[in-house]
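To start, the structure itself, in C-alpha cells.
Letters A, B, C and D name the chains as they come in the text, with residue numbers starting at 1 for each one.
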Amino acid sequence: MNIFETLESEVRSYCRGWPTTFDKATGSLLYDETGKEYLDFFAGAGSLNYGHNNPLLKRAVIDYMLADGITHSLDMHTAAKRDLLESFADIVLKPRNLDYKVMFPGPAGANAVEAALKLARKVTGREAIINFTNAFHGMTLGALSVTGNSMKRSGAGIPLVHATPMPYDNYFDGQTPDFLFFERLLADSGSGLNEPAAVIVETVQGEGGINAARAEWLRGLADLCQRNGILLIVDDVQMGCGRTGPFFSFEIAGIQPDIVCLSKSIGGYGLPLALTLLKPELDVWEPGEHNGTFRGINPAFVAATEALKVYWQDDKLEKSTLAKGEQVGRALTGLVESYPDVQMRAKGRGLARGLQFADAELADQVCKNAFEAGLLMETSGPDGEVVKLMPPLTISDDELEAGLSILAASVKGVLA
Amino acid sequence: MNIFETLESEVRSYCRGWPTTFDKATGSLLYDETGKEYLDFFAGAGSLNYGHNNPLLKRAVIDYMLADGITHSLDMHTAAKRDLLESFADIVLKPRNLDYKVMFPGPAGANAVEAALKLARKVTGREAIINFTNAFHGMTLGALSVTGNSMKRSGAGIPLVHATPMPYDNYFDGQTPDFLFFERLLADSGSGLNEPAAVIVETVQGEGGINAARAEWLRGLADLCQRNGILLIVDDVQMGCGRTGPFFSFEIAGIQPDIVCLSKSIGGYGLPLALTLLKPELDVWEPGEHNGTFRGINPAFVAATEALKVYWQDDKLEKSTLAKGEQVGRALTGLVESYPDVQMRAKGRGLARGLQFADAELADQVCKNAFEAGLLMETSGPDGEVVKLMPPLTISDDELEAGLSILAASVKGVLA
Amino acid sequence: MNIFETLESEVRSYCRGWPTTFDKATGSLLYDETGKEYLDFFAGAGSLNYGHNNPLLKRAVIDYMLADGITHSLDMHTAAKRDLLESFADIVLKPRNLDYKVMFPGPAGANAVEAALKLARKVTGREAIINFTNAFHGMTLGALSVTGNSMKRSGAGIPLVHATPMPYDNYFDGQTPDFLFFERLLADSGSGLNEPAAVIVETVQGEGGINAARAEWLRGLADLCQRNGILLIVDDVQMGCGRTGPFFSFEIAGIQPDIVCLSKSIGGYGLPLALTLLKPELDVWEPGEHNGTFRGINPAFVAATEALKVYWQDDKLEKSTLAKGEQVGRALTGLVESYPDVQMRAKGRGLARGLQFADAELADQVCKNAFEAGLLMETSGPDGEVVKLMPPLTISDDELEAGLSILAASVKGVLA
Amino acid sequence: MNIFETLESEVRSYCRGWPTTFDKATGSLLYDETGKEYLDFFAGAGSLNYGHNNPLLKRAVIDYMLADGITHSLDMHTAAKRDLLESFADIVLKPRNLDYKVMFPGPAGANAVEAALKLARKVTGREAIINFTNAFHGMTLGALSVTGNSMKRSGAGIPLVHATPMPYDNYFDGQTPDFLFFERLLADSGSGLNEPAAVIVETVQGEGGINAARAEWLRGLADLCQRNGILLIVDDVQMGCGRTGPFFSFEIAGIQPDIVCLSKSIGGYGLPLALTLLKPELDVWEPGEHNGTFRGINPAFVAATEALKVYWQDDKLEKSTLAKGEQVGRALTGLVESYPDVQMRAKGRGLARGLQFADAELADQVCKNAFEAGLLMETSGPDGEVVKLMPPLTISDDELEAGLSILAASVKGVLA
C-alpha cells in the first residue's frame, strides 16, 4: 500500500481511474513518474484551456515571483490586481459591450456561485433558486443545493432545500415546448412554486453529460427571467474562457446575464482564481459582507492578465477553438456512424464535446482503454454514460488527431 | 476614480482601511507603489506565518515550475502530493502520535470546514451543529451557518439554521461554570436542543476578537463531546501551523479532535491549500462524494512540504514563537498599565495577540495611525474593538520591536 | 362599526363576501337575523354533507349529552369511540376491502395532513414531499408547505421548503403525457429532485378550482408511487364522505392509498373531527409521538357513527349524489352553451362542481348576485375564477333546482 | 383483542395508562362502562376547568341546538359569535384594561400557536423564535418546532429549525442571573443568534413538569422583549381560563403580552375552540391569509359565552381556585415532609400543581396506584417524573380532599 492508500481519504476519485503517479506536464501532455506520456483530453476539468505550464504564462509568473511581487493580498489593492482589472475591462468587457462590476469571491468556482446566490437573494429578498436538471455548480452547501447529482447531494447530510430543478434544454427530446412547466408554474399563483430570486444555468453542462443548450433556449430563458423579475446567473466556470469558442459561452445567444461566475481557466495557469461579475445596479454588498482569505493570489492575477493579453486581443483562439471543435465533432459523428447497431450520440459545442453511450459501462471502458493507450478522458453524465472530451484549446492539430485516433481505437476495443 | 473604485465590487474591504496600492513584499515587509515600506502585523490573516515570499519556499516553487512539474492535478496522484503526504506524516502526525487520514477538500479554509460538517453529519446521521459565540469559520453557506458575525450572516439571504451557538470560554467572565448551559441542555431530553452531530471550535478566536480558550476548557469540551457521542471539530485554519506556538493549536490541551481543519499557512507561501484531517474510523466518504477543481495545486504542495521540512523538524520555531508571543504580551500589558484610566485589555496566545478597547472607535483609530506610520494591523471582534497583532512567525526581533513601538505611538496618539 | 369590525382580526374573510349575521340553519337552508333565507351551495366548505343540524344526527348528539355521555376524552377509550371504530370498520372499510388502521390526529383536516406527512417521513427516512399545483391541504406549517396558494404561503413568514409541486392532471390541457416531468425527474439520478417520502394529492381539488383528476391519472399516480417506493397520501378531507359519490373519492380509480386523510363531514354534524387512515404496516408510531387535546370529542364520535349508520349502510346516498351531480353538471353545461361568446367551463364530479370564468371578476360578481338572491356559493381557484357549487348531499331536488335557477339568473345578471 | 387494539393506531397513549373504557362523566367524576367512578385530577389536560358536562353550559348548548342555531359557520358572522365577542370584551378584556383584537385561528391550541408564530414573523420580517427548555406548544410542525420534548420532536421527520431554546426560570436552580445567556447573546452582534421575531412562553409549564415561572421573571422577560423589539407570545392554552387563579395566567406579573394563545377551557364544555389575541397594531393579516374549516363551531361559542357569564363576572372562581390551590399545595408539601428520605418536590401555582420525584418510575407508579383507587392523574416533565394535579376548578372541597387522600395513599403504597 502506498501513502495515498494509507493516508489519503477514501473520497479521492480521479486517481482511481488513472492509477499512476504524475510528475511533469507541458502543453497537452502529462508524464508520469515512469516517463510515460499522456495526451490530455481533460484539461484539469476545464482549468487548463491554455495547456499545462504554458511557457508564456509561466514566464510571467516566475518573473513576478523573482521580483518579489506581493503574493497574497486578500482584497488589498495591488498593482497586479489593477493590471488584471484593466485588462479584463479592456480586452473582455468593453469589446463585448458588457457592463459588469467584478467581485473576487474566493479561490474557486464554488465561491463564485456562493457569492452569486447570496447576492441574488439579497437583491430580491427571496430565497428560492431555480436550477436545472443535471446541473453542477460545486460542493459547498450553497453550490451543492443547486447541483443535481444525487450521490453528491447525499453528501450534504442535511436536506438541500431552497432550489427547484427545471428541465434543461431538450430534457424531453423536443416533446414539449421550451419552458412549458416553468412558465406555467410562474404564471399560476396557486402553483406552489416559491417565487425565485434567480435562475442559475450552465450553457453547456459539463458534469451533467456535455448537454449543450441551444442559443434559442438561452434567449428564451433570459426573456423569461426578465419578464418575471428573476435574476439570471450564468455559471461559466467550466464553459467560459473560450471553452466553447467565444470568451463567454453565452455570447452565442446575445444575452447579458445579471450575474456571471468565472473560475477554472480564468487564472490561466491552473492557479485558483474566481470572479463573480454583476450588473452595476446589483452591487448592493456591504463592505466585507462576503470575504475570504484567498481572494488575492497575485501570481494568478499575473497569469490571468497575461492569458488575456496573449489569447484574447484578437479572435484567433476563438476561431481555432471552433475549428478544432468541428474537427472533434466530425470525428465523434464518424464514430457514431461506424457503429450503427450501438446506441451512441455525439454531443457538445466548441471544444466541450461528448460521446454518449446508452450503456455507461461502455463509456467507462472506453476511458480505461484510452488511459492504457496514453489518453486522459473522464466520463460525465448522471450515470457516467458520456465520454467527455475537453482538450486544452491550445492543443496542436497533430495532438488532436492523435487523441482522436486513440479514442477511435478505444471505442473499437470496447465495441468490436 | 481609479479602476478599483469603478470596476471592483463594493464588497471589497481591506483596501478601505489601507488606502494604497501594494506592489512588492518580502519577509515581514510590504511596499506600496510609491516605495513606502510597511511592517506586517497582519500576515495575510494568518496565511503568511513564514513571511512574504519566503526565499526558501520561493526557491522550491520556482525550481518546481522551471522543471515543468505538474501544476494542476485535481486529486490525481502526483509526486509532489506524495512528498507532502509523507512529510506531513513524518514531521507532523507521527511525532505527535496523531492518527488522521488526510482529505484535500478544496483550496480554502471554508472548504475544509464544509467537508468537516458534511462528514460529521454523514457519520452521525444528525443535522445539528454546535458552534460558539463569535466563531468565524468562513463565507460559504455551510461555513457561514456556524459563523457568528451578524453582518456576515445577513449576507446569506436565507435563514441560517442547523447551528446553535453556545458560550465560548469566559463568555460570562467566569460567572458560570464551564459548559453549564450546554451540559444541561444535553442532559435534559425536554430541552428542545436538536441532538448535535458535532461541535466546531477555534482554540483562539481570531476574527472573534483574539479570544483564547483555556486548555482546561478545551479538555472539558473534548470530554463533553466524548461523553455525548458528539464529534469534535477543531478549526485550526487560522491558529494552526504554529500561530500559537505548537503546530496544532490544540496541542496545549492534550486532546485529539475527531476532525481538524487546516488552511492558510499550511501552503506556506500564501498559495491556496486546505486539509481536512479525520480520524480513520470516520473515513466513510464515497469516492468523489466531495470534490472540487482546485484540490491539487502542486506548487502549493511543494511550498507546504518545504515549509514543514524547514520549520517543523525541530522545535525552534515553536520556541521562538512562544518567546516572541511573550514579548508582544508584555508590550500589550505595558500599554494597558500605561493608561490606567482607559479600559483596555491584553489578549491572546503565542503570536495571536490582541489589544481590546471598550470603545471600538479607539481600536479603529489606532490601526489608522499605525498604517500612517507604516504598520499594518486589522481590528477584530464583533464591533471591531480589538487591535489584532499577528506578525509572521519569522519576524526578526528588531522588526517586532519596531512594530511594537509604532503600536505604542499609535495608541498614544489616540489616547493622549 | 359592529363588534366584528372592531374586535375581530382583519384575517376574517367569508363574512366579507356574505355581509350579514347568520342565526339559524337547517338542512340546506340558513337564516340570518332578519329572517332572510339562504340556500346553501357551500355546505361549510364540505363539512355539512348531511346538511345543517341534520335532525337524525342532532337527536343522537342531544341524547348523548342529556345522558351525560363523556364529552372530552383525549385518546382514552370511550364507548362512543368504540362505536365509531366498529361502525367505521363494518360500514366503510370491510365492504370496500380496505385494510387501514385509524389514527385520531386532532380536530381538523390540517391535523390529519400533519400526521400523514410526519408518518411518511418517519417510515421512509426521507424529508421531501411531492404536492401538486393548486393543492390545498391546510394552514399549519406542515400542511401549508404542501399548499399552492401564494398568498396563503406568504403568511408562513418562513421559507416553505421540503415540498416540490408537480403538475396536476390536465395542467397542460393534455399537451403532455401524464407524469412526464415527474417520471423523468425520478428516473434521472442527476435531476436534483430530493427523493420523495410521499406524494400528497386531492382527487378533486376543491380550493384549487374544482379540478377533477381522471381515474386513469390517479391509477397512474398510484402505480408511479409503488414503482418508486413513494407513499401515496390521498387528502380526502373535502372530497371524502361521499362528496363525489362514493364514500372515498378515490374509489373510482380502484386504488388503495397508503395513507388517507379525512375530516370535515366525517363528524357529520359540523363538529370538529379528523381521521388519518394508514396501512397497518406503516403504524410505526411511538405511543404519544403525535398527540393533541381535541382528539376525543365524543359528541362528534356519536354524530359520525350515526351518519355512517344512516347514510352508508346502502348505496342510496352515493347514487343520489351521482344523480344530483349529473343534474348540476347538465345545468352548468347548459349555462356554458347559453353564452357561446363568453369563456366558461363546467367542471367537477359528483356534487363538487364548478363554473370557471376566464375573468375572475365575473365569478366574483356571480357569487355576489347569488348572495343577494339568497344563494351561498364561494369562488375558488388561484384567482377566484371558479364559482364553486357544493350543496349538502341531502339537498332536495326542489332546493337544487331553486339554487340552479338563482345561479342561472346570477350569471345572466353579470353577462347580459 | 378489542377494537382499540386491532383498529386504532399505536400512537394512542392515555388509554395505556388508564386501561378501561369510559362512558359517562359529570363534574369532577368519570364513570367507566362497569360503573366504576373516577375522580378527575386531569380535567382533559386543562380543557375541563368547569368540570365534565357542566349542567349550566350543557343547558345552553342543548337549547341552542334545539333551536337550530347554526352549528358550523367558518368565519361568517353569527349571532352566537357576536355574543361571545361581546362577552369576551366586556367580561375579560375591558376589566383588565387589555386591548386586543381576537382571531379565530382554528379549533385547537396548536392553531392558536401556529397563527401567533406566523403573525410574529410577518410583522417583524424575521424567522427565528425563542422558546424555552421543556416548552410544549403543540404537534403541528410550527408548534412542534418550539416544543422541547425530544421524542415528540423526532416525530417531525424533518429537522426542526428556526427555534432556539433558552433556559426557563430556575433552570439552573438560581445559580445564574435571570436571562444571563439570552441577554448576552442579544447584546453581542457576533453571537450567532439569529435575530428573534418573538419569544413564546408558558407562565407555568404543564407538560414540562409544572414549572411555574416567577412573576418577577415574567416581568424581566417582557422587559427584555420590549427593549429588543421582540414580540412576546404567551401560550395560555393550558394555564389560561383561570387555571392558576386569574383569567389570564400572566396577570400576576402585570404584563401585557403582544400575542396571547387561548384554547382548551375557553370553549367551556370541552368542545374545540381556540383564540389568538393580538395587539391591534399587529393586525396586519390579509383577509383569508390564515383560515380553516373549524373556526366557527357555534355550540362552542355558546358554551364559551355562558362560561364567561357564569364564572368570570366576579372574582369568586379566582379566589376559590387560589384557595383550593393552596390546599393542594399544603397537601403536597405535607407529603414531601412525610418522606424526608425521598427526594420529592412540591410545585405549581393555583390549581396547576405537581409532585416531582427524583425517580420517574415512582411518579408513574403513584399514578397507577391512584388509577386503581379511582383517581385520574397523569405524569409530566421530560422523563415523566412529575405527578400532575389539575382538577376541575369547580371541584368540591370534599372531592378535592378525597382525591388528595387517594394521592397520599398512592404515594404511601409506592414509598412505604
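Operating definition for what follows: a contact is a pair of C-beta atoms (placed from the backbone, for glycine too) under 8 Å apart; a residue touches a chain by one contact, two chains touch by 3 or more.
The structure displayed is predicted, hence computed values, not measured ones.
Note on interfaces B-C and B-D: more C-beta pairs are in contact across B-D.
Farthest from subunit A in terms of Cα centroid separation is D. With centres set at the average Cα position, the gap from subunit B to subunit C is 58 Å.
In this assembly, the C-alpha centroid of subunit C lies 30 Å from the C-alpha centroid of subunit D. The centroid of the Cα atoms in subunit B and the matching centroid in subunit D are 49 Å apart. In subunit C, the residues that touch at least two other chains are 127, 151, 158-159, 162. On subunit C, the positions that touch subunit D within their shared complex are 2-4, 7-16, 18-26, 30, 33, 44-48, 52-53, 58, 61-62, 65-79, 81-82, 85-86, 88-89, 101-104, 106-111, 114, 117-122, 127, 138-143, 145, 151-152, 154-159, 162, 197, 263-264, 269-272, 276, 278, 283-294, 297, 299.
Taken in their complex, subunit A has these residues touching subunit D: 158-159. The residues of subunit A lying in touch with subunit C in their complex are 127-128, 131-135, 146-151, 153, 159-165, 167, 171-172, 175-177, 180-181, 184-185, 188-195, 208-209, 381-383.
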